[in-house]
Amino acid sequence: MYSAKLMDHFTNPRNVGEIADADGVGMEGNPTCGDAMKLFIKVQDNVITEAKFQTFGCGAAIAVSSMITEMAKGKTLEEALAITKESVADALDGMPPQKMHCSNLGADALRKAIEDYRSRRA
Amino acid sequence: MYSAKLMDHFTNPRNVGEIADADGVGMEGNPTCGDAMKLFIKVQDNVITEAKFQTFGCGAAIAVSSMITEMAKGKTLEEALAITKESVADALDGMPPQKMHCSNLGADALRKAIEDYRSRRA
Amino acid sequence: MSIKYFDHIAANPLLPEVLDAMMPYFKEQYGNPMSMYDLGMNAKQAIETAREQVARLINAKPSEIIFTSSAAESNNFALKGMALARQEIGRHIIISKAEHHSVLNTARSLEKQGFVATYVPVDKYGMVDPDAVKKSITKETTVISVIHASSEVGTIEPIKEIAAIAKAHKIAFHTDAVATAGNIPVDVKDLGVDAMSLTAHQFYGPKGAAAMYLKTGQRILPLIYGGIQEGGRRAGTENVPAIVGMGKAAELAEAGLSGRMAHVRQLRDRLTEGILKIPKVHATGHPEQRLPGLASFVVEYIEGEGMLLLLLAKGIYAASGSACTSKALKASPVLVSMGVPTSMAHGSIVFSLGIGNTQEGVDSCIEEFPLIVKRLRDMSPFAKEGWGAMEAEGGNKEGA
Amino acid sequence: MSIKYFDHIAANPLLPEVLDAMMPYFKEQYGNPMSMYDLGMNAKQAIETAREQVARLINAKPSEIIFTSSAAESNNFALKGMALARQEIGRHIIISKAEHHSVLNTARSLEKQGFVATYVPVDKYGMVDPDAVKKSITKETTVISVIHASSEVGTIEPIKEIAAIAKAHKIAFHTDAVATAGNIPVDVKDLGVDAMSLTAHQFYGPKGAAAMYLKTGQRILPLIYGGIQEGGRRAGTENVPAIVGMGKAAELAEAGLSGRMAHVRQLRDRLTEGILKIPKVHATGHPEQRLPGLASFVVEYIEGEGMLLLLLAKGIYAASGSACTSKALKASPVLVSMGVPTSMAHGSIVFSLGIGNTQEGVDSCIEEFPLIVKRLRDMSPFAKEGWGAMEAEGGNKEGA
């Protein structure tokens, strides 16, 4: 069902946890839907230097969270905003279609974290 | 499906054929129904001395014909008239219920043969 | 005594390769195909492989194959499901008089629900006239179902022509291909049908596995509601081993089709020639447009069950459309609608050949059968003087 | 790594004795049970033996057993067949909210045909209140169907009481006994039901064989029309090997019932005790009136699929009623109707035990499961501060 890469990111998720002094926090989903994600970023000179997540959800949701934190790190905010559901799924070597819809919240959470960071600076 | 005795009377039917100078002939059934029987008797001193049959029909119909000619022989006409579908079936060690209805024409053909004999003498 | 089994229309022995393919799914691979773990995914994968194999047999797409438990289920599903899905458009259906009970009685049950059904007759060869189908069409007609080939008389119907007529009138067309799929080339695209029933046990696959072809986009209501198996169109835990067996059997049938056909055709022709030497025996069904493995006759003046019993005593297995041999005690409706007099329909005898049959078996049948016919005719009141014998002497025409 | 299979509700391994009993019918005994010769009669006889074995398992008469292809078919057949046969009387049916999809969706399809359906709720234990059923009855009510035991939460329903109410109102009563027949004592006479569905794969029999009990004299319309198989109530060539397997499995289940029950109950109690030591884990279903082999829970703050995947990595097979694990992507309707909040329903985990499970297997599950829960909670945004965590910080309540 899941690709080996997705399973790897699920079983050995990268960047799990909170960032106490995060520069931006994004939340997406809710427990009623079955998937909820909280994404923390640190930003320096317009570049994401650190990213962590907390996720409630299925294997795909956790793997997406792990992958997107990896993808975000080192990117400028503009580059990070260009990450889509599809690019995350591609990076995980694909995802079952029904999971694309409901468990692929990473890009949205990242966008919200960046918006949070920007609104704090505004 | 069929008892051993019935199968024996089907595969080795007794008294097959016509009696050219029969004293009575009885017919029952018709080819449209799938069963038709012609029964020939010779009568002497009110006793059936000979009985033969011709039958178009299934295994049960042929076995019934064979059995009833055997049963009839040596009986007085009154005794022969007392033969029923049930007694023929019993003599064959039973018969599938659906065959009782459609293939058990022997008693009726015998009755008709006896009536034919009596009407010729009347 | 070696068995000479000439009743492949009733049941077929399972090919050993098919059973071998099924075995793992009776043993270690017991998972439910709906389960997300390996045991389930293996079962699911096996079903999808079978779906491809069955699709290939009839030139369909795998997504157009719905597995069912029997051809009877497929026929009920197709006819009822398509008719109910279209009842806003109309409530008239058309079937032929050569249909199997599972189509015929489904049509009757639809009639009880307020549908109108037309039963198109067949000619003396058991052939449906496409023009007669066309003339039966009304504005209310939504579904037409005509059997691909009769398993009783072997006639192959002009499905392509009838399907084209249905298509021109935007009517859904179903064919019962139980006797053909796996036995002669069947191509749903070429035939132009919207739905088709087929079953594994007709091509050396297991009982309990059958399929319905449903063309992409065709609407249908489920017969069995429940979970999302078979794309939500047929609920119930999948019979994995049987489905796997059907797939394997389909693959083998496709690969071996022309060889199998040549084998049974040659035997059938030999058998037919031998049997037609007996006087007052008539071949039934169409002489050319017929199943290669089916030889069917009516034998005058005697009845089918007696023939079957005496054949069996010689190790020969056959079938009959006579009333006495059907457990429903009705003479074959196909023979009757072909205009065969009921008296003669009782003398029906059907030999269906299979890949295991041999020339020796056929020759032994050709040798024994005339003796059996003679033996039964010697007992028959009609053999000497013909069917009128009993009437002439005042027999009771109505019978008991 | 040895397999610890705790998903017997989804599928069961076939008992070797059952497969042995089936084998002859895949090989030499390939006849069609409708055929009049030995091959057919042997198959027919084998079916009748199986019918007796299945009848004995539930204290029915053999003539009251109709073989089908799946429990889903039995449920469709019972509900639709009994409702349609009684539609002159009325067009109202009652089912519970604990029913399997194959009952639920059949009820919905009847609603589309103009029937009215009442869905009786369950309490927090998943229990149906007989009084609530009684209050739902109208003059139009003709059929009531309540599941014998839920395969998701294990609760055994008060069928005897509900059946008595139905009887007093002359309403036909059906129960889906898929999770109980062959697993706990089931006695149709004692329960007083008119119809019951059961399936072989729930008691170590084959897939593809199931049955419906129909009390003598109860009217029903067929779901599958056609030939006269199963007394004209269910057409289609019989799946002889599977039916034989169901019979053998029924015989073994009956003989071994108390031993099997004791075995799984002891394991289930041990497992339940171990798992309930984890904080914020709640048992679901009724604490006493429940299937002996079923342990079901909701685990707060984490989701079912993640648990299943990590369990699998340890060789442990289980199930979940979470939306993500169901291929239909909907949280278990039973949990929802029990009032379990959806967020918690996503944390459903169900262990169903079988005769092959061992204490070691259970102990390994008790050892691994807390670690898995911890691991997933360590990733969860809710574990520390509870379900409110994301709201407090302004999380999007509606979600994506």
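As written, the chain order gives the labels A, B, C and D, with residue 1 at the start of each chain.
We adopt the following convention: a contact is a pair of C-beta atoms (placed from the backbone, for glycine too) under 8 Å apart; a residue touches a chain by one contact, two chains touch by 3 or more.
Model, not experiment: these values are computed from the prediction.
Compared with chain B, the chain whose C-alpha mean position is the greatest distance off is A.
Distance from the chain B centre to the chain C centre is 39 Å, each centre being the mean of its Cα atoms. Centre-to-centre separation between chain A and chain B, using Cα means, comes to 92 Å. Between the CA-based centres of chain A and chain C the separation comes to 58 Å, rounded to the whole angstrom. Taken residue by residue, chain D touches two or more other chains at 36, 305, 325, 327, whereas all remaining positions touch fewer. Taken together, the touching pairs link the chains end to end in a line with two free ends.
Shown are all chain pairs that touch, namely A-D, B-C, C-D.
The part of chain D that touches chain C in the complex is made up of residues 5, 7, 10-14, 19, 22, 26-27, 30-32, 34-40, 68-73, 75-76, 100-102, 105-106, 108-109, 199, 201, 206-209, 221-228, 235-242, 305, 308, 312, 317, 319, 325, 327-328. By the touch rule above, chain B contacts chain C in their complex via residues 7, 10-11, 13, 16, 25, 27-38, 53-62, 98, 102-103, 105, 108. On the side of chain D, the complex with chain A involves touching residues 301-306, 309-310, 313, 322-325, 327, 329, 331, 341-343, 346, 378-382, 387, 390, 393-400.
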